[in-house]
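Please find the structures below.
Below are two complexes that have subunit A in common, paired first with subunit B and then with subunit C.
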Partner chain A sequence: MEISTLVQLLIGGLLLGAVYALAAAGLNLIFGVMRVVNFAHGDLMMLGAYVAFWLYTLAGLNPLVSLLATVPLLFLLGWGLQRWLVDRVVGQPPLMSLILLWGVSLVIINAALFLWTSNSRSVPAFSGGIELGGLSISRSRGIAFVAAIAITGAVWLFLQRSRWGKAIRATAQSSEMALVCGIDVARVRHITFGLAAAMAGAAGNLIVFIFAVSPVVGPTFMLKSFAIIVIGGLGSFQGALVGALVVGVIESFSAYVLNSQVSEAIVYFALILFLLARPNGLLGARL
Partner chain B sequence: MSRRISSLGTTAALLLVLIVTACARPATPATGSQPAPVTQAGPIRIGASISLTGQYARTGRELLNGYQFWMEQANAKGGVLNRQVQFVTYDDESDPETAAKLYEKLISEDKVDVIIGPYSTAVTLAASTVTEKHRYPMIVSGASGTDIWARGYKYVFGTYTMAPFYMDGAIDIAKKNGYRTVALINENGAFSKDVVAAAEKKAKEAGLDVIYTEEYTKDVRDLTPTLTKIRAANADVLIAGTYGDDATLIVRQLKDLNWTPKLVALTIGPALPDFTEALGTDAEYVFGATQWEPNIKAPGVSEFATAYNAKFGHMPGYHAAGGYGSAQLLQQGLEKVGSVDNQKLRDALASMNTTTAFGAFKVDDTGSQTAKPSYLIQILGGERKLVWPDAAAESAASIPMPGWNQRS
Partner chain C sequence: MIAVSSLRPTTTRGAIGLAVGVAILAALAVVPFVLPSYRTALFVLTFMYITLASSWNIISGYTGYVSFGHAAFFGLGAYSAALLMIRLSVHWILACIAGGLLAAVVAVPLGFILLRLRGPYFAISMLGLSAALQIVASSWTPMTRGGSGLSLPPTLNLVESYFAMALSMLVVLFVSYLIITSRYGLRLIAIREDEGAAESMGINTTAHKVSAFVISAFFPGLVGGVYAWYLAYIDPTSVFRPILSIDMIIMSMFGGAGTVFGPVIGGVVLTAIAEAFWARLPELHQAVFGVLVIIIVLFMPGGVMNLLRTRGLLPRNWRI
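Here is the complex of A and B:
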């Protein structure tokens, strides 16, 4: 393999991996704080993609600018979902939350199909490649990468530095202790779900100019995000980031060396291997 | 007091009476005070499963639009065999197993009079095992995979141009222009496999050199590795068996890699309006296979296209036309038989040589469509232009595909 091909594949994998990371980190945040797997995470991503699509189609808004609308809208939606639905199943057996959120997923998908039809949508922005030392780097994926890393980094800083971020981490470590220390745990959960939904929405907003989406894309993203957080480490914010980048690169190289069909399956193969050999994932369970 | 009722009041009163009687009629038991009307045997019920969710939701919806549009027109003209027609449909979730169960339900429980096909080769393959068992003839309105007619079935009739013919135009254009090397890739569904397997064989027969083949999954999100290999091999022609989102992805990533083959032909994608909406001007010069276009000069085509456009606000794609034409074919079959008799309908369909708004229909002994050719379109100036076969072409194919930086 030529060195330029190697670099091309590496970059390609990292670029897509960063967008996966944005979605997966949100999924992990929810899992870390509430021990709930958000089955509707991919569908929140799809909603983010549609916000960007409609803002572009109806108002000609640049999809990067539309992040300013997608993020707060999805935050509110996530906050509301937690406040009125998911709160009821936190602390219940895992099956309860899985079924509830699966139901939410079905409602979102079918509402989207009803409202927006099953057409594939995409925003034709940032097309083409940037020539860089004999390589051609996808402009759209490059921009999505930068934005995804920036948002993920900002959320990480928020978790590390801000009072609410610390409250979220404390609740993830032990919600009883957090409660005893005077943290409003219910409010922490609302904010956590809102934040995670906003991250999923932002990821969706970014993928809409990378490839076409339709109301039914959610579950495949959800499954991949889930594989990523198992590989990266359940409940670990950094683990999601590392896991996503690793998955992106593995996919890219396996598609080249083997073929694309194998590369789609290899992530799930890795998921099984990790569950068997290293259930805590690459970075264990620390938030 | 009744004399003072205004004309508006009279109308309202009349309407009220009409509504009341109309509503009351079905509830009135047939007690013998009224002779049971012999001709009013209730509507002819047509059963089908449709992919309204899942992988084929996009195209399944179009198919259903075609069915329903036909139904409205047929009922407005007095129905079929002097009976109204009515569809009984369920969502098969793009899942073959589900579709098979639904056809079982339609025939055994709902007891529909006749059935008509679902969408996609995979779903049709499964559904037709059930309809064959019950000896209900199925007009295959949304599939063209060869496997469907390779099982010795007697009750399955194709309307689509068959998958092996899809890329005839692309190969013909490539050969005429002296292109030498071809890369063939496809999504790993049954239909795309059929298209590309036949294209590979025909390309070799045409003296072209097939230098690369690969399959990918329907959920593929990055084809850079594949396209990088094809770029390294510098293929003249890229033929891809696509199913929608992958078509958009291929074109976008070709641009990302800043590379163009001389000819890019995709199966499903370019013929759908989403393609140009999603890609904007990057969709230019891409070829796409199509079963049907609203501007083909053939009987009934423009009438259908115009009326459909008036109702739905967009021109019909071939999936809608396939549904509409298949329903017309069902109508022609029933009218030829003169009654709702599935065995006679089967025999009629096996020997009919006719035309619908979707095109010619005639089948061979296996029930496989033999009369309908394949068409090739090219996106030119934002429009789908019919460019092949030459006889039907509205404009000449524009090749080679210009490089991304050579476009205005």
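Here is the complex of A and C:
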């Protein structure tokens, strides 16, 4: 392998990784606050991708502008899921919420199949490459990367600086103590799920620049996001970023050397290896 | 302990149960000879689902380690049995048993590795495993012929398939019964209720979990082989399809996970409903199953068996 190919694969992987990081940070946020694994996370990404696709196809809307629709729509959906369904099982064994959200995932996938068929959809708004010092970088990946970093950064600032962000972090540390301090923990949970769903939707909206997306991609995205937070460290926001870059790079190299299907299998094996050898991830706190 | 105080009613119920059981067995034995073949095929399918749901129940219902990827063992058994029949011309019965044994053998190291992970980690690792195996089956072209699948010489022997599936089902149900009525089964339930406490009571939790996992891997491998022989064609998307894992879970939970009859009730009711209403609309099937999952988790977490118990139609301590 030539060195320029190597660098190009590395950059391609890092760019894709940033989009995964956005989705995985959402999954991590829900886990951190509620100890719930959102099994429907990948399906929320899929919905975000379809919002971008339909706005682009029907109205010719620039898929970056369609984020303005994706984010509030998915926020509302996530808020509703938490308010009407997940709230009923918070505090029960984690498997109950997992199975519940898996039911939600089945409903979303099959509603999408029914409404939009199983065709793969893509948004070819940003084609071509950017020449950069002898390297050719895919324009769609570059744009998705910048947008993903900007959104992830905005969420991070929100969590660090705003009142609600602090309330979310306090609830993640100890929901009883947060309750005692006068934080409306129920609303924090609704906002957390809404925010995480909006992050998943935004990531889906960006990923459809890069890949074609069909209604059944959700579980694959969910597995990848889960692998990312396990590799990076559960409950750690920066961990999601590190894990996503690792997964993005693993994927882009193994897709080049073997093929893209096998690269998925390699991500799953990496997930299992990490769960066994380093269950706290690279940056995770002890659970 | 409880058995002593309720000895008489249990014996009467036992006698009635035995009579009903014999009657059902006799009725099942004549099914393939009196019913038209498409009805018999429906029975074959129902038996397969009951077997799968009961196998899942042994690890997930009894020990509480919920597997989201039990289709992995079904596909493993289907592929290895099919390859044995094609490459080595092994007799189909032996090939199916070999498929089950292979799934069980694979489950030993897998159990030691994955059963260290609790709750959602185990569930999702199993899902990843089954997805990874599907990828292996479709990529390892020299062995599996990839996506084009494996064709076996068509047998078209519905009666033999019927009895093979029926026998698999009866054996797994009998094994479930033996487990749930034994001290071994009590220890599995102790692990489900509180693994730390079970361990401090001196239960070797690893040995119990792994052995339950191995038993629960054998039967999907076995019926995977029967399925391959019966349909005479398999491909990665049919035998590793995630909906199989979903069906096992939903059938078991609907009837009542952790009981012997729960998966039977779930298998019969849901296969019948699926066939009657939406066999032609697969999306609707899965969407309705999704809604059902949500309803079960929110409103009837113990399934039908638990409803019967709480309504007093079954004794409160009923575990079968």
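Side notes on the structure shown:
Rule of thumb we're sticking to: the second predicted complex is superposed on the first by the 272 of 287 C-alpha atoms of A that agree within 3 Å, B and C clash if a C-alpha of one lies under 4 Å from a C-alpha of the other, contacts with A are read in each partner's own complex, and residues count from 1 in each chain.
Criterion: contacts are C-beta pairs under 8 Å (C-beta built on N, C-alpha and C of every residue); 3 or more make two chains touch, one makes a residue touch a chain.
Keep in mind that this is a model prediction, so the values were computed, not measured.
Partners subunit B and subunit C, once the complexes are superposed on subunit A, run into each other and clash. Using the contact criterion defined above for the overlaid structures, shared-chain residue A:S120 touches subunit B, although it does not reach subunit C.
Of the two partner chains, neither subunit B nor subunit C is touched by A:T192. In the superposed pair of complexes, A:V37 makes contact with subunit C only, with no contact to subunit B. Of the two partner chains placed around the shared chain by superposition, subunit B and subunit C are both touched by A:E264. Judged by the touch definition given at the top, the superposed model places A:I109 against both subunit B and subunit C.
Legend: residue contacts after superposition of the two complexes on their common chain; A:E131 is shown touching subunit B, with no touch to subunit C. Of the two partner chains placed by superposition, A:N205 touches none, neither subunit B nor subunit C.
Subunit A uses residues 109-110, 113, 220, 259, 261, 264 to touch subunit B in one structure and subunit C in the other.
Residues 37, 85, 88-89, 93-96, 98-100, 102-107, 109-111, 113-114, 219-220, 223, 226-227, 230, 259, 261-262, 264-265, 268-269, 271-272, 275-276, 279 of subunit A are the ones touching subunit C in the complex.
Partner subunit B is touched in their complex by these residues of subunit A: 5, 8-9, 12-13, 16, 109-110, 113, 117-124, 127-129, 131, 136-141, 210-216, 220, 251-253, 255-256, 259-261, 263-264. Contact residues of subunit C toward subunit A in the complex are 64, 66, 68, 113-114, 116-117, 119-121, 123-125, 127-129, 131-132, 135-136, 138-139, 242, 246, 249, 253, 283-284, 286-287, 289-294, 297-298, 301. The part of subunit B that touches subunit A in the complex is made up of residues 52-55, 57-58, 60-61, 188, 214-217, 219-226, 228-229, 232, 244-245, 248-249, 252-253, 255-259, 272-274, 277-282, 404.
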